[in-house]
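Listed below are the structures to be examined.
Next come two complexes built around chain A: one with chain B, the other with chain C.
Our next item is the complex of A and B:
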């Protein structure tokens, strides 16, 4: 009741013309900065993807219509790398969401040491992505890594295995490293969502005789849908755009087994200074991310019906 | 059941980072033992001393024999860089926080309280720009900065980081202002305070927790950023410097692990101190 009237009053004051001008002036610095640093660069990147840009990047260069894109579409490396990026992102998205969800559900229960575990969750999240890569590069190292030490003690391997030099393992290890950090962020965000869930709904369902999995499917999951949607969109972006972890762990190798689209873009821009092709790649990656994000929203988001 | 699940998570979170921590106290000569030990056999602080540029007891280098000290001595120039680079990272982070908060606070307040032509579009644009990746923006920003002769300066990072911290700050602060009752402004207006005065004297003091949480998050993003630092500067901030260490033959893992631990102390401390605020802010910033 009170809330409603607040909102009504706020809407009322929002509409007045002189207030509108005042509001515009307050927002103006941010609008200008976002135009200069986001809108214009994004448009320029799209623009450059249709040109052969001179290596110094200044000036328009030669208009090539869609030649840059045709070059990509006819190029096997582009397709292989796109698939690899999507594969990496899938491992990352599924891993982070499942592990994060499990951790959130666990932390929503009451047990001794709960706060300690919650405190630990922020540790990986506080690590910059590049440092996540450094930590995992040496953890998974084939000569001195602790992962090999642990596996050996558990008798799972008899000899040290060099995961990062093995093309089929490298993509998994890098994706797992990235998942290590992201799963903790997912857990924190989903836990925040869980803690706003009224306990009574859950209790009422258990009185009605719903089992734990039924309660998860029909109560917890619908309640978490909005948070889960946002988290998954974030995961799609971070998964497809991942660069730092790869840079630290494998530099795209061995061979090209961990070369993701982000790495190709980096090389086109800053090693071959081929801004036209690089821009076309960046636009392609952004489109893949857009499609991925839309799929996530379509499958996950429903209006909550209570 | 619950405790075994909790144990699995503790192992998952701690093992990788534990190995970095234990390596940072390990003598380089002891690093190859198999199976890899959980604890350093004879803990030492030498890695930290070397990385921070504090002389160790026996720093003489006997070429061909004492690989450890020779290696460190050879790379001493860049070793001492860690302290300088930490300082750079702090300066860049502080500047990004300052500029971001300065302009995002008023914009967020405006979006929460006023409506002007295009305000809804501006809000949607801000939300959308949270997911525009740096990879799409980096080439034009790089060229701008080169034309302005700002590459390799802290300004290159302060300017480019604002492109992603500003939308984050606006969204979080807008949600924060939305929760502050409009009664405050009405009371201030009755007392004859102007709109700008009201914002400065009435609203901002109430919004301090939100400003702190936003500032910490912005600082963390700035501290963590690597890609722009790699391409716009020559190892100016900590992640870029550590990436450089990775490719140096003379720089061994025990030294790198010590540098890594030092590099994550500031963000870990910040997150631990402000954990409650940050998680709430993050959840609200992503939840809408």
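Our next item is the complex of A and C:
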């Protein structure tokens, strides 16, 4: 053990403080941009949710205490839509995490064409959500959609099924379309996590007689916990905020079967020009996302004891 | 009531009805102003106009704008917003302090924009009254608000027509297209029995189905709204017949089940490929069907959507001037609007001639239909006189559709009508739900 002199320790401490400050200064522009782009609109939205804001958006308007929230909580459309949003988000979160994890595990193995597949993984993720919606609208079409053709070939259906105009299928199909894109991002993030895992741990476990599922459960999953936490929080946010894919595929229909909270927010802001209610809805959605995110963190995140 | 900065020789306190009645006189009186202008073209030259449009045929828009710029020595900055999300985009720019000087807008937003001072009242601008006076009387109230304000100029207009397959109709033993909603059902049933699985297609998606509500109410001889914009359709027993008919069309398989989410492109293809016999939508879709050159494209013709009401829906979108445009820029912006939505300096429908040639779009002016260049622009398979007659005598714009509250109603219509079609609701409950939607839209309390 090397004992450092008092002076040396003081020098090191000084350097550390100085480095910390330097780091802060470097990050300051980004922090300011983030504040301007995220914090200010967020605070403004919360603020507006307590007011009747004039439709032209100029001025604050009349303070209504919590009337906007009471209006929402008394409205059955709000509750039905919230439940639908949570249901959509659950399909999206589970689907994209499971598919993304499977893809990451596959692409972490050595095989011919692995690099090509890794490259292809980026393609869906590079597509804007709206384009994904348009692609899937054609793919799932009830008359000419490829999906029906494939399902027929596999003898899984006996006649072409109209997935998007059937209210019980529409929510599933839109969630699957959104999942298709998101699972690529999940796969990329988890693959990055897998590549930091030392191969020796797996090999040692194999020598100790651990099977593939045991190794996955006791080695891979714990190793990926931090990445999985990030991925799940992202999935919660993307799942609850989803708008574009559904807008392109069903416009929230048929009926209200795919109308999510994001649609109600859009409607309040741009159709009813009711900023107060729209802001209250946005805050409610953010709270649901916050709760979802906290559950994900609480469930998945563990401090690594060293 | 506001007056424009240039003032007007008209009594500005008159309401829409009075104004519309006096349009003919005012139009004649203001005719000399049309070409002279309150501010001369020379004074208005050298301006930069910020113009926002949605992305329908952007190259045509650019060429129209370039022509006007060249002639007037004014610059136009064009900004395109995708059709999807245009409403949100244009409103966000208004609120964000970057409003356009001239912009496309949906007719149902036009009065709201003027009320919120995002768009200008065009009264008193040279030739504005003449522009309205030159329109079909059936079209005028889309551009003139209840208080007499001229809120917009036309971008394009269209009427709902029935595109139909002549051979299929004849093969089913009919010598004419349906003359009522019930006959539409009967013909569809016969054609379906002849092997066409889904004879009727229409653009019944959630955001668009409101147009069909009016098409079918008008066909069923139901007046949807009164002059105050109150929903009188709900007290008319014929409304229930219309809604029952609509539900039966879907439930009994006269339309494909996917019609609730299908795009016009798919319907065009169905017609061109002989998979559907009837397609109800704007007149210009005939062109898409014929020019897609499918096996049945040559069999498709066009007829009025005739019902006991004898009228169909006339629709159209508009162009507006920004509410903050003043001075020489206002004169230039108005000159641009007149060229784009009415006539150019030589009194020709230059812009509409181009739209007619590139998209079979119409203008709500009788003079448009007699313009030799327009006649030449319309293909032979389109009966321009039939379309003109529909504009003139057999269509209604449903003035409530431009009311400031209307978009709130339109937004709720989709869910209510889809519920009816899916069998989750009956005709009575649907009529009630529509009336409630109307009430909540007016009070701004809908969700």
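Methods note: the second predicted complex is superposed on the first by the 267 of 306 C-alpha atoms of A that agree within 3 Å, B and C clash if a C-alpha of one lies under 4 Å from a C-alpha of the other, contacts with A are read in each partner's own complex, and residues count from 1 in each chain.
As a convention for this text, contacts are C-beta pairs under 8 Å (C-beta built on N, C-alpha and C of every residue); 3 or more make two chains touch, one makes a residue touch a chain.
From a predicted model like this one, the values you see are computed outputs, not experimental measurements.
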Following the overlay on chain A, give me a clash-or-fit verdict for chain B and chain C.
-> clash
Tell me which partner A:26 touches in the superposition: chain B (first), chain C (second), both or neither.
-> first
For A:247, select first, second, both or neither according to whether it touches chain B, chain C, the two together, or no partner.
-> both
Could you say whether A:65 touches chain B, chain C, both of them, or neither, answering first, second, both or neither?
-> neither
Dominant toucher of chain A (residue count), chain B or chain C | B
After lining up the shared chain so the two structures overlap, which partner does A:130 touch, if you call chain B first and chain C second: first, second, both or neither?
-> both
Using the touch definition from the top, say if A:74 reaches chain B (first), chain C (second), both or neither.
-> neither
Would you check which partner chain A:40 touches, where first means chain B only, second means chain C only, and both and neither mean what they say?
-> first
First, second, both or neither for A:143, with chain B first and chain C second = both
When the two structures are overlaid on chain A, which partner does A:199 contact: first (chain B), second (chain C), both, or neither?
-> neither
Between chain B (first) and chain C (second), which does A:264 come into contact with in this model arrangement: first, second, both, or neither?
-> second
Chain C clash site on chain B (candidates 2-10, 20-28, 38-46 or 74-82) | 74-82
Taking the contacts chain A makes with chain B in one complex and with chain C in the other, which residues are shared?
-> 56-58, 130, 137, 141, 143-144, 247-248, 266, 269-270
Within the complex, chain C is touched by chain A residues 55-58, 71-72, 75, 77-78, 130, 137, 141-144, 162, 164-167, 170, 247-256, 259, 264, 266-274, 277
State the interface residues of chain C toward chain A in the complex, per the touch definition above.
-> 84, 87-88, 91, 94-95, 112, 116-118, 205-207, 256-261, 263, 266, 407-408, 410-411, 414-415, 418-419, 421-422, 424, 441, 444-447
Touching residues on chain B, where the partner in the complex is chain A | 2-3, 5-6, 9-10, 12-20, 22-23, 31-32, 34-38, 102-104, 106-107, 109-111, 113-117, 119, 122, 125-126, 129, 131-144, 146-147, 159-160, 162-163, 166-167, 170, 181-183, 185-186, 195, 220, 223-227, 230-231, 238-239, 242-243, 246, 253, 256-257, 260, 263-264, 267-268, 270-272, 275, 279-280, 282-283, 286-287
Of all residues in chain A, which touch chain B in the complex?
-> 6, 9-10, 13-15, 19-24, 26-27, 29-31, 33-34, 37-42, 44-45, 48, 56-58, 99, 102-103, 106, 109, 111, 113, 117, 119-131, 134-139, 141, 143-150, 152-153, 160, 177, 180, 184-185, 188-189, 192-193, 226-227, 230-231, 233-234, 237, 241, 243-244, 247-248, 262, 265-266, 269-270, 275, 278-279, 282-283, 285-286, 289, 293
